[in-house]
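Each structure below appears as structure tokens.
Each of the next two complexes has chain A plus one more chain, namely chain B in the first and chain C in the second.
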Partner chain A sequence: MPKVTINGTEIEVDKGKSILRAAAEAGYDVPHFCYHPALSAPANCRMCLVEIEGVPKLQPGCYSQINDGMVVHTESERVVKARKAVLEFILLNHPVDCPICDQAGECKLQDYYIDYDAQESRVRTEKQNKVKAYPIGPEVVYDGERCILCTRCIRFCQEVTQTDELTIVERGDRAEIRAFPGRELDNNYSMCTVDICPVGALTARDFRFKCRVWLLTSTDSVCTGCSNGCNIHLDHFRNEVQRYRPRYNPEVNDYWMCDEGRLSYKSVHTDRQTEPKVNGATVNWHALAQAVADKLGKVEDPSQIALVISPQATCEDIFLAKRFGEETLGGVQFYLGGKLSGDSDEFLIKADKNPNTRGIEAVFGGTDSLKSFDDLLADMESGAISVLYMSGTDTPCDAETRERFVGLLDGLKLFLHQSPHAGEFADKAHIILPSCTHAEKDGTFINFDGVAQPIYQAFAGYGRSIPDWQIFLRLARAMKKPFDYTFLTQIQEEMFAASQAPEPEPEPEPEAGDDESSAPPPAE
Partner chain B sequence: MEELFLSRNFKIENGHTLPVYESGGGYQRLKKALNMDSATIIDEVKKSNLRGRGGAGFPTGVKWGFMPKESELPKYLTVNADEGEPGTFKDRYIMELDPHLLIEGCIITAWTLGLRYGYIYVRGELQFAIRRLEAAIKEAYAKGYLGQKIQGKDFDFDLYVHPSGGAYICGEETGMIEGLEGKPGQPRMKPPFPAVVGAFNAPTLVNNVETIAAIPWIIERGGEWWASMGIEKNGGPKLYGLSGHIKKPGVYEAPSGVSVRELLEDYGGGMLDGSDLKGYIPGGSSCRVMLPDTLDALMGFESMREAGSSLGTGCITFMDHTTCMVRIAGRLAHFYHHESCGQCTPCREGSGWATKVLDQIENGNGRMEDLDLLLDICDNIEGNTICALGDSISIPVRSYVELFTQEFEDHIRRKGCPFPAWSLRSSASTRAEAVAGAE
Partner chain C sequence: MAKHEVKQVERVEPGLWEKSYIPEIARGLKVTIGHFLNNLRPNKEKHTTFTREYPDVPTDYYPDRFRGLHRLMLRDDGQVRCVACMCCSTICPANCIHIEAAEHDDPAIEKYPAVFVIDELRCIVCGLCVEACPCDAIRMDSGVHAHPFTDRGEAFLNRDLLMEMGGLSMAKQGGER
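Here is the complex of A and B:
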């Protein structure tokens, strides 16, 4: 392997690596705007200029490849001066409107100004005026004055989505980013351009002016929009999810996620049921568990009980639901719930809109022991099922069938609804068991590819909602057949031993220089 | 010069047509070249000391040697005719008045290096040149000089005229290739050089119009003969475009290495009556401005560098004592600011900044620290950009500030331009109006 000396440190790096990556391996951060590890390197921002011994001009670290025996300086006087100059040039026509800019706090220009420039302005001339708050796409807003023309967004649309919506119009310091005539930045991944924009030029319509980023706390989680299970930073403030950001995972989603998944955070805060209820009366969990135990205990034939398992739930929830149905109640019928399949593409969006279908397969050892939702309807119609214990509000069927299903609920002797959301079931359910969304609990999802991924609790459950697994623990205790668990980790240990659920692997650390968008904002 | 080569047909009636061109020995050189092998021709070009005439002065024979012999993709010839630098106007004369010389040069070059397609990338504003070239190419096709099986040889070559969209930056070789491919003219990072990855990802030779136009003569009379008309390392006759406050502005052919004084006095007829030479730009506006005491400098790449500037395109602009050097610097900065492609930061932002500071000084709002600021801006642009356009603004601006510091300081002290002609702050819309007002 070629050897290079970077700032006096001799290291061996792979052939063909850029100086910027090699320097990162040697422990030196080379500042950069236009370079992104997942995109090509146009070397246009000139921020990463480094000095190579024997080469008269400074060279861009992102573009120049290492050669054996190369001696590179990333902190020499010349480099520092050039860096300072580039920052001064970039700030020349930059509005410096940080107090009203959404990017402030996670802005590379801010960071680098503090790190490398931090001098008084020498500019007495007027700044260029460009377009402000330009709707470049349905989800993204463009600010021409803040734009430093690094072309990351253009290259994203060329190289990642291959939809080619964006280009630069005009030239020189009049240049701006625009969609081609008759087009707009409207693809399934358009909001990724907001993530990769190093400054506040591209902002998400959804997140604009919503929250200062330094107030956000970031929790590692997984998007529940589909079975791809894109890794996310779940950014929240005061027990409210403010946004999702993709989290780097080369095995699953790289640096990206789709717009639909990104905006799926809204479901955490809509249509929530927060109070345990028995026949419409709000009770506490203890009373509710007693009531459930009482009612379920009276069911003579457990095969009359239908337990609908939702692939929206975590593996731990499913594992306990299975044990609750098989051991506590004994011999209930399991049915498969979840969402109907939808659109897919060849990149990240999968047709299966449930994050944990593979989790059910792992816990149940396949889906043969689960009956389909159509079977449930048939069994309810025939009267074979008189007690329905349903988790989740989703039904894998079209609107017409769902209407029929809701109608059939009236004929049930007992309908227990365990879900974070109310759906149409709030009035129909005899017993409401409010559970937590994925943002409010720990757990494990297994994505379509069989990758087990942990999710972590961001904030406490809404109202009096508790995680599904705790509900099952309470119910089992009330039925005098308690499980021997106190903590989730105990369940996990047993689950991984008992089932085919693969244990989550430790998160891959971003490779040196790959830190893009994986850095969480500072904690509260 | 007694015998003209590059400008031989300029003053002959219908010199741009094929019959007239052929009657002067035209396309005989092609026939001769078709019987020579590639190595011999490259050798002759090397011996000729022909240097790239677009301004950089890279030895043409060496550049030809870089072209790979074998290539999976068809190799391209691109002739850089995007002549747009202020003060430079030599290539258009060849294209307008002797297009067949260029075409013959293209065919010989293609034969030598095995190039399949040729593009003459002409500046969009030169509509007349484009029409003349297209007509000439049509004539050449009809006579079998272009197309397939040229002159019965196993040699196919197609030549096209590609009008530029009209951007100075497309005169930069990789910017030109981007433009040729239909993209915005934004220069590429080098390496890879065009000889390896050029137009349409294929090996591409990029040469200036005047360089290619010299090839037929080198074939006819040999490399050594060409080299003899010049000085060391600078071979052959060259076109010099003279402009400014001189009696006979125009394009003149003279040997390489002629002195500036000779060009001014023998060819340009001297300065206008009552005009004193204040400074001159030796080879297009991106060169350093020079003072009258360097008039004896020889027009060669090395000699001009020693004299403190560069040969560039060899088109000289002479400026007399009525010229405001601050205004000239500002005007040039405006040009480069306007033409900066906007791709990389130092040039995009620095060109605008320098322009605004120069305007400020010219308009009477300057401060003494602005001079240091200007030099610092130039320092920060120079060498830090993707292509040479960044240098093209910093090099001249620096030279004006350094050589005419007194004049800049006068502007700042007097809070305005001491020259009584049209200025940027004037409300007069034309120079004539302003002059009339001043009188």
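Here is the complex of A and C:
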């Protein structure tokens, strides 16, 4: 392998690696705008210029490959001077409207200005005026003045989604990013361009002006939009999810996520039920557990009880639901809930819209022991099921069948509804058990590929909602058959020991902690 | 440990005169009644009151940099100068500023505060919001004392109330180019 010396550090790197990556391996951060590890390197921003001994001119670090015996300086006087000049050039027509720019706080231009430029503008002429707040796509807004023409978004549309919507129009200081005539940036991954935009030129219509980024707290989580399980940063402020951002994980989603999943955070806050209720009366959890224990204890034949397991729940919740059904109640019928399958593509979007179908398979050892939702309807119609314990509001059926299902609920002797959302069941359910969404609890999801991924609690549960696994613990204790758990980790240990989970290790998938926006060239 | 100089104070034992209390009370009342009668004199100059009927009578002396109620400054056309950058609400140590930004119809303005509420009861009058403001939109130089509120809701001053106290600013919006 070729050896290079970077700032006096000798390092062996793979052949064909760029200087920028080699420097990152040696521990030196070379500033860059246009370079993105998942995209090609056009070397047009000139921010990553480095000095190579024996080469008269400075070379772009993102594009130049290392040679054996190369001696590179990334912090020399010439390089620093060049960086300052490049920044001054980029800032010539930049409006410096950081106070109203959504990118302020996570802006590369801001960061590098502080690090390398930090001088007052010497420009005394009018700045070039360009298009402001231009709707370049349904989800994305473009600001021409802030744009530094790094072409990351163009290359994203060319190389990742291969939809080729964007290009540069005009030349020189009038150049702007535009969609081709008659087209707009409306592919399924268009909001990824907002993430990769190093400045505030592309902003998401959804997040625009909503919250300043420095107020956000970020929690590592997993998108629940489909079974792909894209890793996300769940950015929240004052107990409210403000946005999802993809989190780098080469095994699952790389740097990307789809728009639909990105906007699925809204379901966390809509249609929530927050108070435990028995027959419409708000009670506390203790009284509710007693009432449930009393009512379920009176059911003579447990096979009349239907327990609908939702693949929207975490593995821990499903595991406890199974134990609750099999051991505490004894011999109930399990049915598979969840969402109906939807669209899919070859990239990230999967047809199975439930994040944890594989989790059910892992806990139950396949889905054979679970009856389908159609069976539930048939059993309810025939009267074989008189007690329904439903987790989640989703039903894997079309609107018509769902209407039929909702109508059948009136015929039940007892209907327990355990869900974060009310759905149509708020006045149908005899007992309402408000649970937490994935943003409010810890847990594990297993994606379509069998990768077990942890989610972490971002903020406290809405109202008096508690995680599903805690609900089952409370109910089991009220029924005098308590589970031997106190912490989630105990459940996890037992769960992974009990099931033939695809992932043998008890602690799921390690964090692919690398974040594109904070770590420049990740040495992946 | 350092040696401390200790001064012993002799305790004064009260005599029969003090122990009987009545004459001492009478002596104290003499001072009080003296002031009372003095303040009944028609010549107010000779009065010896040291209390002020705040807030009915505000103080006659305010320092130049006195920080009163907030006010929101205006653009030349009477619109709010604030661009809803949230710098003030971020720096506010009392968390008393609540802003909800929105897109403005005028493309030249882009962002403006649709909701701007200051909880004057929470405000600790530190003035950091004024320092943080990049466009001279918020000031505390209204000269209006935060008056006592009987209802918490009254203390939430909204954007229009704050703009009523506002005025034009010398600073050029958007800064010098």
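Basically, the second predicted complex is superposed on the first by the 502 of 524 C-alpha atoms of A that agree within 3 Å, B and C clash if a C-alpha of one lies under 4 Å from a C-alpha of the other, contacts with A are read in each partner's own complex, and residues count from 1 in each chain.
Keep in mind that, in the parts below, a residue touches a chain if its C-beta (ideal position, glycine included) is under 8 Å from a C-beta of that chain, and two chains touch if they have at least 3 such contacts.
Nothing here was measured: the structure is a model prediction, and the numbers come from that model.
Within the superposed three-chain model, A:D398 lies out of touch with both chain B and chain C [touch as defined at top]. In the superposed pair of complexes, A:E126 makes contact with chain B and with chain C alike.
In the superposed model, A:W214 lies in contact with chain C only, and not with chain B. Within the superposed three-chain model, A:I100 lies in touch with chain C and out of touch with chain B [touch as defined at top]. In the superposed model, A:E88 lies in contact with chain B only, and not with chain C.
Shared contact residues on chain A (touching chain B in one structure, chain C in the other): 126. Touching chain A in their complex are the following residues of chain C: 83-87, 90, 101-103, 107, 110-111, 134-135, 174, 177.
Residues of chain B that touch chain A in their complex: 167, 169, 184, 189, 337-346, 348-353, 356-357, 360, 367, 373, 379-380, 383-386. By the touch rule above, chain A contacts chain B in their complex via residues 42-47, 49, 56-58, 60, 63, 81-82, 85-86, 88-90, 92-93, 122-126, 128, 148-149, 167-168, 170-175. Residues 97, 99-100, 126-127, 132-133, 208-210, 212, 214-215 of chain A are the ones touching chain C in the complex.
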